[in-house]
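Each of the two complexes below includes subunit A, the first together with subunit B, the second together with subunit C.
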Partner chain A sequence: MEQILANGLYLGAQYALIALGLTLIFALMNVLNFAHGQMYVLGGFVTYTVYAQLGLPFIVGLFASALTLAIVGALIEKFLFRPVIRRSSREESTMLLAAGIAFFLDAVILLVFGEKQRGVPKIVNGVLNWDFRLIMPYDRILIGFLAILAIVSFILFMQYSKTGRAMRALAQDRVAAQLQGVNVDRYSMIGFALGAMLAGLVGGLLVTITGVNLGMGGPTSIKAFMMVMIGGAGVISGAIAGGFILGMMESIGLSVLSQYGDITYLAIFASLMVFLAIRPQGLMGKPWG
Partner chain B sequence: MTEMLKFENVELYYDHVYALKGVSIDLSEGETVALIGANGAGKSSILRAITGLNAIKSGEIHFQGKRIDGANPADIVKMGIAMVPEGRRVFPHMSVKDNLLMGAFTRSDKADIARTLDMVLTRFPRLKERYSQSGGTLSGGEQQMMVIGRALMAKPKLLLLDEPSLGIAPKLVQDIARSIVAINRDENVSVLLVEQNSRMALSISNRAYAMSTGSVVLSGNSKELMKDDRIKAAYLGGEL
Partner chain C sequence: MKRNQIFALAAFLFVVLIGVPWLIQVTGRWDFYYTLTSVALLSIASAGVWLTFYIGRINIGQGAYALAGGYFSAILVTKLGVSFWLALPLAGIFTAVVSIFIGWPILRLRGVYFAMVTLVLTEVARLTALAMPVTNGAKGITSIPLPSGIASLENTKLGFYYVAVALMILVFAAMYRLVNSRIGHLCRSLQQNEELASSIGVNITYLRIIAYSISSFFGGIAGAMFVAISQSIYPSSFQVADSVNFMLNCFLGGLGYVFGPMLGTLVLYFGWDLLFQTGKLQLLIYSSLLILLMLVLPNGLLSIRLSSLFGDRK
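Moving on to the complex of A and B:
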């Protein structure tokens, strides 16, 4: 039991961080970022390059991932989404653009980093063993802790900083935010950069545990969308709840259902369909809680 | 009196439908000017043109001698124009405090912002009672006070009010009208007021423009307009 809970918390923290980035971009710009998983993969490869290839400290790799993706996110917003949103008010346009960016990033990752699965040296050795009730490698504990730290910092930033307040205002009422002097272009760019940065950060964190490969992008995007749908699109608390719920379900599924074969995600998808039929707006379905 | 706002021959279109056809108005420092007229007469379009929310097709808008048409809405707020939009547009999931602080977004002097916040809370004590409640849970009247307070937080020189009496309990309309007069008098703010409640608008303004289908049809001293037969018939329901 303790083992399942710990695994769920560890996974949930990573997932929540991914979902936060996705929901932030959606709330600010009404854009469904289908390329979120690819941004996560890119973050993983950056940390792999800096930490495993160049031999620099892990924390430098993590910063490099966050910074790279923040820049990539800002550029994508400024040169791709902004012009498209200006010309077309149809949501399909930005959806198609996001899907195109996903393919593009896949191709870039393939060209630059190749198609092989890459791993990095362990950041800490050793395993926590609590009476065989809870066994967890120290590196997982550290990564889980860092993810929770990032979530808490993000919430504090959104809640108490002037920039965070401006982004919340923009998400709640675009026109009213403009009338207070919020520059929509600038803050959309900051928001997109921040969302992409979170994806890159999780990529950098998780490469130490699961490694990284080109094929992880798509499935990660799908998981991120599931979390956001569970919690309610555009709601911070919803993204966090969705992340931890999916993490917990996956953890329970892997230990309880594994004897019946690989059906965890089948069960999760089936229950998600039932859940969304009953509550289509998700748990906290209102714009920004 | 120094001229604060000058609106010269402005045309504004929504897609291909005109909203303003060659409108000219002006406002001097310290004045309260009302724009009255029916729904769709173009009153709100004037405010949206001033704040830069809608681009104008031709004409010029000057604020304190500077041409502002074509400027970014955020920069216009910085110049000292704050707007209370129609339908209030509170930030529903933000506390009253954060709603008010958003108003001071373009300012950076923390001590000065704290002073303005104090002034707003003294002026609208109800907001103090509701300080940490989220904006969406307030009553219509309280929300209106909050968004007027939010606009004051920008320390504006010109305050634009779009239908502040809309959807407010009649008893509170009086309160709102009184606060507008007090703000104009005490805070060194000029006011441009858009209202369908013409009686209220004329009673608290110095001058007024009456509008109909995108043009100014009559203008003058508010007290005189109140007695004008045409105004009585068209805007005051003839029951004065």
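Moving on to the complex of A and C:
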């Protein structure tokens, strides 16, 4: 039981970080970022290149991932989403654009990094063994700890910095924020960059555990969508809750349902459907806000 | 029906039933039969997506129903020895029934919320196919016998082409009829404002489920037909990328026009096929073109037609 809980917490921290980026972008711009999983994969490959290929310290790789994705995110917002949002007559167009970007990033990753599964050497060796009730490699503990640290600093940033306040105002009411003198274009760009950066950061963190390959993008986006559905779209606390809930459910499902075959996700989806029938806006979302 | 509409229909039938086979005969490009058959079947699935859009929902879950229909017919044909021609409509009915149970809760969602949950549905269908014993896991179901009538033909490609085109014509005729019927007008009222429609007395829950199950029926028969042609099905036969492509077909062809999905599928599928020669760069060029298209024409191909028709330039 302790093992299941620890696994769930560790998974949940990663998932929450992915969902945070997605929900931030959604809250600020009403864009469903299909390319989120691809951004995560790109982050993983950047860390792989810096840490495993160039031999620099892991933390440098992590920073390189975050920085690369922040730049990519900012460019995508400025040159792709902004003109399309301005000119299109319905909000679905941005979904198409996001799907196109997802394909594009897939193609770029394929050309630059190839299609092989890539792993990196362990960052710390050894395994924590607490009386055989809880067995966890030290590197997982470290990664889980770093992920929680990132979540906490993200919340503090959103809560207390000027940029964070501006973004929260933007998410609440775009027009009102603009009337208060918030530079909407600038903070949309920062928000998108921040969301992409979070995806890159998780990619960099998880490459040390699971490795990275081209095919991980789509499934990651889907998991992120599920978390956002659970927690409520566009709400930061919801994304964190959704991430931890999905992590726990996956961890419990994998150990309890394993005797029936690989049906964890089927069970999770079925319960998600029942949940959505009762509460379509998710745990913390505003009804059709 | 107006006279020029009848003329256009006759011209279309002539081209697909006589013109295309003749051209292929002359040029000897037999591989085009497969391409065109795929276009016909994909446009049936896209027609389903278009119909869900007609009630104001973005459906990225059509791949799930295509997969379900494909597996259902494959299992009927291989395990129970049912004739394919019976399995085809049964697969459609099966997916329609499944979609009623799935649609009932999720059709309450709107906008990107519905889009997200249908996208998740596609992935869940793949995982289900992997996990269930009856679908044979990752190995899939292979060496499915050809449908009885077509197997005896000398040229199976031509046979499949005619069947697929006939199905496509039936589906689009049904769609045209549906959209121009009372139900179609009611669906349009849902697209514009559900609360208003509901306040006038439209049973929106019932209507949404009807439209969604018809849409899934199209997905199911398209999937079943595909399986008959490729004689095999795997959990990866229809996945998230396919679901997204069905949606792209509709958007590209234009959402305000019944035959939009057909046009969109033709353009996208042929575009993808033509880019095959560029090898590794295929996906890069394709996605760049998509992004460019969105930048230049954020409202879809049809917006050219509309703006030139009404002469408004924004």
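Worth a mention:
Definition applied: the second predicted complex is superposed on the first by the 285 of 289 C-alpha atoms of A that agree within 3 Å, B and C clash if a C-alpha of one lies under 4 Å from a C-alpha of the other, contacts with A are read in each partner's own complex, and residues count from 1 in each chain.
FYI, a contact is a pair of C-beta atoms (placed from the backbone, for glycine too) under 8 Å apart; a residue touches a chain by one contact, two chains touch by 3 or more.
All of these numbers come straight from a predicted model, not from anything done at the bench.
Looking at the shared chain after the overlay, A:L179 reaches subunit B, while subunit C stays out of its contact range. Touch counts on subunit A: comparing subunit C and subunit B, the chain ahead is C.
Applying the stated contact rule after C-alpha superposition, one finds that A:V256 touches neither subunit B nor subunit C. Once the two complexes are laid over each other on the shared chain, residue contacts for A:L149 go to neither subunit B nor subunit C. Contacts of A:I135 after superposition: neither subunit B nor subunit C is touched. Of the two partner chains placed around the shared chain by superposition, subunit B is the only one that A:R165 touches, whereas subunit C remains out of contact. In the overlay built on the shared chain, the residue A:M229 is in contact with subunit C alone; subunit B does not reach it.
By the document's definition of touching, of the two partners only subunit C reaches A:V274; subunit B does not.
On subunit A, the surface patch touched by subunit B in one complex and by subunit C in the other comprises residues 288.
Here subunit B touches subunit A in the complex through residues 51, 53, 72-74, 77-78, 82-83, 85, 89-94, 98, 101-103, 105-106, 150, 154, going by the rule given at the top.
Note for the complex: subunit A touches subunit B at residues 162, 165-166, 168-169, 172-173, 175-184, 286-289. Subunit A contributes residues 26, 30, 32, 34, 80, 83-84, 87-93, 95-97, 99-101, 103-104, 106-108, 110-111, 218-219, 222, 225-226, 228-229, 233, 261-263, 265-266, 269, 272-274, 276-277, 280-281, 288 to its touches with subunit C in the complex.
Interface of subunit C with subunit A (complex): residues 58, 102, 104-106, 108-113, 115-117, 119-121, 123-124, 127-128, 130-133, 239-241, 244, 247-248, 251, 280-281, 283-284, 286-288, 290-291, 294-295, 298-299.
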